[in-house]
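The letters A, B, C and D name the chains in turn, as written, and every chain counts its residues from 1.
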Amino acid sequence: MNVLYFAWVRERIGVPSESVETQAATVNDLVEELRAREDRYAAAFADTSALRVAVDQELTDFDAPLAGVKEVAFFPPMTGG
Amino acid sequence: MNVLYFAWVRERIGVPSESVETQAATVNDLVEELRAREDRYAAAFADTSALRVAVDQELTDFDAPLAGVKEVAFFPPMTGG
Amino acid sequence: MRIIVQEAPFDFGQQAQAFASGRQNMGAIVTFTGVVRDDASGALTAMEIEHYPGMTEAALTAIANDACARWSLGDVLILHRYGRLTPGEMIMMVATAARHRRDAFEAAEFLMDYLKSRAPFWKREVTAEGASWVAAKDEDEAALDRW
Amino acid sequence: MRIIVQEAPFDFGQQAQAFASGRQNMGAIVTFTGVVRDDASGALTAMEIEHYPGMTEAALTAIANDACARWSLGDVLILHRYGRLTPGEMIMMVATAARHRRDAFEAAEFLMDYLKSRAPFWKREVTAEGASWVAAKDEDEAALDRW
């Protein structure tokens, strides 16, 4: 699964994207796995209420299932316009 | 006093403007005088609720006083924009 | 603030660009443009717009001043044509510049609502069958209650 | 419908003119343009805009489709830039064409409200003292409740 990071999430984790081998059933499960990896992930995912997630390029919730998913992206609330 | 007519009021009365000698105290009094003149005025002023009036180029009401006024204009509701 | 009343066509793109350019302190620019709209049947030959020359600019200025008093605006433009226009021609435009988008949007809607019913313009539709004055719409009068 | 995501500057006047031209059946054209706004102190050096290339166009298209489903529109344009912009530069624009002005105005406000909080862009302000990500505003999230 390809995992993407944007804005300060990208800065905290240190890479814009990476390939992740996971059996996580939901986005929340994936977040738990990443948090357990290293401090920089724990820092980026300290408060998921401050984050948004897109699964296969569609905005969704942290309880979204990951079966068959190719791309997950984490980022702060958007500031377009 | 200069009296102006616009849109279908102008068409019914037949002139865009005319000089009127009057002692009318209010717009309503002026309307009564004009109505009494000729049928074309009576036709134009048959229903003043369908008309609007400007006194010295400011929108106002039919009970507005005419003392010192130089220009009165009658027209249907505006359709700008 | 610019108030323009003219018979000639105007270059909307140029006006919009000039209004929006060089505004480091205004984050939001809104424009509205009115176009002579043919009805579905294509029957409209022309739209004739009469106005009250002595009063028109003053009335538009008063409406623009009202908008500036109600919202935090950096600038306002009102441009309105008169005379004979054909379908597809632009009748008028307004533009507003503000720090915040809500002010720019609301002020532009306010300007349009007041232009519709309080600026001394009268429209006459010309078709192959004849000409008729456009009646003011109750909904346009009712729109003023919003402000 | 046109959805454009680009790094290069755009010609607002030309885009506005092209969007508004030749619309015999649409009486109302609204545009909104967002400009990089310097704060009062003049401290802003640049605004950097990051986006999510694979998702951005799809997200903007979905927002434009939502607007077309809610209002009677003849056309919609969304143009949004990314990259490094300086104060006074135009970040983005939307344009709507409708038969009636209320539809054109409301749809443009809707597009802006959704662009602010639902399109994958992130702004970073660069000043002489450093750079910081622009925080989403509660009022922008609240603005969505209107629709």
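The rule we apply is simple: a contact is a pair of C-beta atoms (placed from the backbone, for glycine too) under 8 Å apart; a residue touches a chain by one contact, two chains touch by 3 or more.
Treat the numbers as computed from the prediction; the structure is a model and nothing was measured.
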Quiz item: How many steps does it take, at the fewest, to get from chain A to chain D if each step moves to a chain that touches the one before?
Solution: 1
Practice problem: Averaged over CA atoms, how far is the centre of chain A from the centre of chain C? Could you give it in whole Å? | Solution: 48
Self-check item: Between chain B and chain C, centroid-to-centroid distance (C-alpha), Å
Solution: 26
Practice problem: Among the residues of chain B, pick out those that touch two or more other chains and give their numbers. | Solution: 81
Quiz item: So which stretches of chain D touch two or more other chains?
Solution: 34, 101, 112
Quiz item: Touching pairs of chains, which are they?
Solution: A-D, B-C, C-D
Quiz item: Contact residues on chain D for chain C in the complex?
Solution: 11-14, 16-18, 20, 22-38, 40, 87-88, 90, 99, 101, 104-105, 108-109, 112
Quiz item: Where on chain B does chain C make contact in their complex?
Solution: 4, 6-8, 54, 57-59, 71, 73, 75-81
Quiz item: Which chain C residues qualify as touching chain B in the complex?
Solution: 34, 50, 52, 54-55, 58-59, 80, 91-92, 112, 115-124, 133-136, 141
